[in-house]
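The same subunit A turns up in both complexes below, where it pairs with subunit B and then with subunit C.
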Partner chain A sequence: MNGYQLDWWAVLSGQPREWLFSGIWMTFRLTVFSSLLATVIAVILLAMRLTTSRLLQGIAASYITVFRNTPLAVQFLFWYFGVIPLLPELWRDWLNETHIYAGFTFPSMELIAGIWGLGLFSAAFIAEELRAGVRAVSAGQFEAARSQGLSAWQTLRYVILPQALANSWQPLIGQYLNLMKNSTLAMSIAVAELCYQVNQIESYNLHAIEAFAVGSLIYLLLGLFLSSSLDAFGRVIFKHKRSHSHG
Partner chain B sequence: MIEFKQVNKHFGSLHVLQDINLTVKEGEVTVICGPSGSGKSTLIRTINQLESISAGDIWVDGKSIFDPSRSLNALRKEIGFVFQQFNLYPHLSVLENITLAPRKLNNLSAAAAETKALELLEQVGLSDKRHQYPAQLSGGQQQRVAIARALAMEPRVLLFDEPTSALDPEMIGEVLSVMKKLAHSGITMMVVTHEMGFAREVADQVVFIDHGQIIEQAVPHTFFHHPQHARAQQFLQQLLNPLHVQEVLL
Partner chain C sequence: MDELFNWAVIADNLTYLLVGKAAEGQPGGLLLTIIISLESVLVALILGSVLALISWFSPQWLQRLITIVTDLIRGIPLLLLIFWFYFLLPMLLGNGAPDTLSVVAALGIFSAVTVMHIILSGLNALPRGQNEAARSSGFSALQTLRWVLLPQVLPMMLPSLVNLFVALIKDTSLAFIVSVPELTLLTNQVNNRTMVYPMELFLLAGFLYFLLCSSLTTFAHRLDKRRLANLSR
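Right, the complex of A and B next:
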């Protein structure tokens, strides 16, 4: 190893350890809030694509085309350097202040831009997975619900979406995992998430191997935690998928 | 109760329904039969607008279904529909299948909707299946749940689209007997079916459709014993005596 001595403690103690914890917390917030935002937008996009309005269908399809076919890093830079300076000064002041909601503080415009950028990007992918799940639901399900007098939204909410979710649950888990991993790109707009902090440790004490190895391990654990909890959640909520035995 | 006035439907170059005029009286049972592809399913699907029409008018309850003052979802609440493929909601239990619409559309409480659902399950003989999922039931049981689901909205009209065609022969009886119990209980029924026994025993009128046209319309006795039109005679022969069709035609 060219005489290089691995020193894990240099990464796991003192200032570097604080940075790691702060990075994990930031990655966690970025992932959770982006996932929520992405899910809401994805459901809206799905609803738009299922309407009979050509205009709404077109808007949703264009959204998905644009956000899926441009790099996330460019999108982050676009929002952060392109759009935020165009906002009215009052809004920017508000964004720069510290806000506390439900125990979460939002001290930085960077985090908000990160959640926004990552949420909008991931929504396009999640919407596509949901649409694939909807396509696998038989036309008879739409007809049954509509023939009962349920509105288009009630049909989607109570009949189609639960089945579409069950159909596309595994690929959806993959999309939420991608979202978590893509959150590393938010470092390009100075969101101090885990990857940003690991990089900072490397600049601070030059323990590159240890820093990036520890960073990778933490991402691996976060990923395993995320996918196994979503998997377990799916097994609880999609009860009917477990009861096909009698056929 | 239901009145078709000069109804036409084109599907591309296909003339699916041709000049349909038909009256169904309140509380009566109308059986619609005819060869496959004749337009009989399309006909009943136009009543709750699962299918559109190209020309003509359909009246339900003294008013056109296309009247702008009439909401489609309100109309559909009044008209139960039973599908050939059952179309139960696979992610919901039997009880939830039945209570979904009453809870969401009539704002019935969960408890009230369940009480009603249990009565209906009793009526179709499936009280013990309330917590099962559709995939755990036989075809006949699923169709009986589907009938209970349609009844849960207390509709004034029930439409059946070949309710027994997807069933194994030994399950047809259980579904037909539920339908027979419903007949003449106040609810208006239109039944697309090949079950001529049901038509003979239960129907108030039988309508024979071929190539999108009503060829024959009569009370069961007349239809079965004195069919006027050659195509109706041939159809009955095929259905009632399939082994000896050729002899008659020759």
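Right, the complex of A and C next:
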């Protein structure tokens, strides 16, 4: 530690500051898009598990087992190095070029691979929380809803899912927080998110302690922001929906 | 790519991916993954138990302080925690500190927080009367913990601890970002060398992790089922 001079300005000004902002923006996009993808897949997995088809149940269960029991880093590398080269050349060329729509840049190939990898991985965990939420909904409600003439999809959409979400909202917030923190692993496939940029600052001016401290603080604040806004959101929409059937 | 799946690339590199340069005294690959996991879980168990003990016996303000510190540790991404140790340990211990040590330290401390929570929530789940009954029968606080509370909590904790170990095994893959030659790094290395069979190599790595993790998960499930069956008997 001898001779190490703390210099916060070296991290918070000039080029490093630009890197920090671009890292935050990248982490934000990665988190938001992966969360949306993960949520959609998780609901599909939940629907598959609630069907009577053994095949669909089996597919959903295997998906969850495989994605939960392998490391995210390996999944990222698999998609990036293993799958992207198999895409038709036309697609790859298109993804490699920059596309701008209405002032927004279409995600780069790295970011798309990051969103895809993180979304598919997190879906398995979110699906498990949703299933735990469904378990707390009494079985009579399925039958009641179906016998009222609702289709299976309507039963899921209007009866089961709102309660399952309300029941498992707290653990779900935890999963979305995990997703945000796991987005750091996307740096392994060259997505220039916040953790990547913090490292770049370290190798640029060797101010490791300041760079990591600022990075840690930003992640803590992002986490606080994410969990408190999801918490507030849950409080508004789930006012009366928590099921009381389960002790 | 002539065939659907190239087995040769796996056969040629399997030993290297499983044990690295173990013959030259430098274990790597899956073997190093297991070594790092075991070392980290040992650190996590010891540190986590100590934290739980301190928290159990300490006044409210100290408990709150421990909660704040542990929340901070769990609040930042594990990868960033690894970077902290990767850069700070050599500063503190001199340049001799091996990269593996910083990974074990980060993983161990990160998981110790979970161990602490598992132990504390187990203890808190016991009926309050037990503590008081034991204390009023003349047991000291420590004796109560050792002879009355822990024997009930330990079997309850076991499945959670196995799940924690599974999470740890998967998290060791982060070590590849700081160049520790565990399974993920070696797979990436072989892939960079051969260039043509990324699918095969990463599927193999995933399969090895899967074997390790899913067998432990199944084991945890069985433990949990047996415990619940014993309870309802």
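The criterion applied here is as follows: the second predicted complex is superposed on the first by the 233 of 247 C-alpha atoms of A that agree within 3 Å, B and C clash if a C-alpha of one lies under 4 Å from a C-alpha of the other, contacts with A are read in each partner's own complex, and residues count from 1 in each chain.
To be clear about the criterion, contacts are C-beta pairs under 8 Å (C-beta built on N, C-alpha and C of every residue); 3 or more make two chains touch, one makes a residue touch a chain.
Fair warning: this is a prediction, and the values are worked out from it, not measured in the lab.
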| item | value |
| --- | --- |
| Partner chain(s) touched by A:144 [first = subunit B, second = subunit C, both, neither] | first |
| Touched partner set for A:239, first subunit B, second subunit C, both or neither | first |
| First (subunit B), second (subunit C), both or neither touched by A:13 | neither |
| Which superposed partner A:229 touches (first subunit B, second subunit C, both, neither) | neither |
| Which of subunit B and subunit C A:73 touches, first, second, both or neither | second |
| Which partner reaches more residues of subunit A (counting touched residues only), subunit B or subunit C | C |
| Which superposed partner A:154 touches (first subunit B, second subunit C, both, neither) | first |
| Subunit B versus subunit C as contact partner of A:163, first or second or both or neither | first |
| Which superposed partner A:83 touches (first subunit B, second subunit C, both, neither) | second |
| Residues of subunit A that touch subunit C when the two form their complex | 1, 4, 65-66, 68-75, 77-78, 81-83, 85-86, 181-185, 187-188, 195, 198-199, 202, 208-209, 212, 215-216, 219-220, 223 |
| Of all residues in subunit A, those that touch subunit B in their complex | 138, 140-141, 143-151, 154, 158-159, 162-163, 166, 238-240, 243-247 |
| Subunit A-facing residues of subunit B, complex | 48, 50, 73-77, 79-81, 83, 85, 87-92, 100-101, 104-105, 132-137, 149-150, 153 |
| Partner subunit A, residues of subunit C touching it in the complex | 72, 75-80, 83-84, 87-88, 91-92, 166, 170-174, 176-177, 184, 187-188, 191, 198-199, 201-203, 205-206, 209-210, 213-214, 217 |
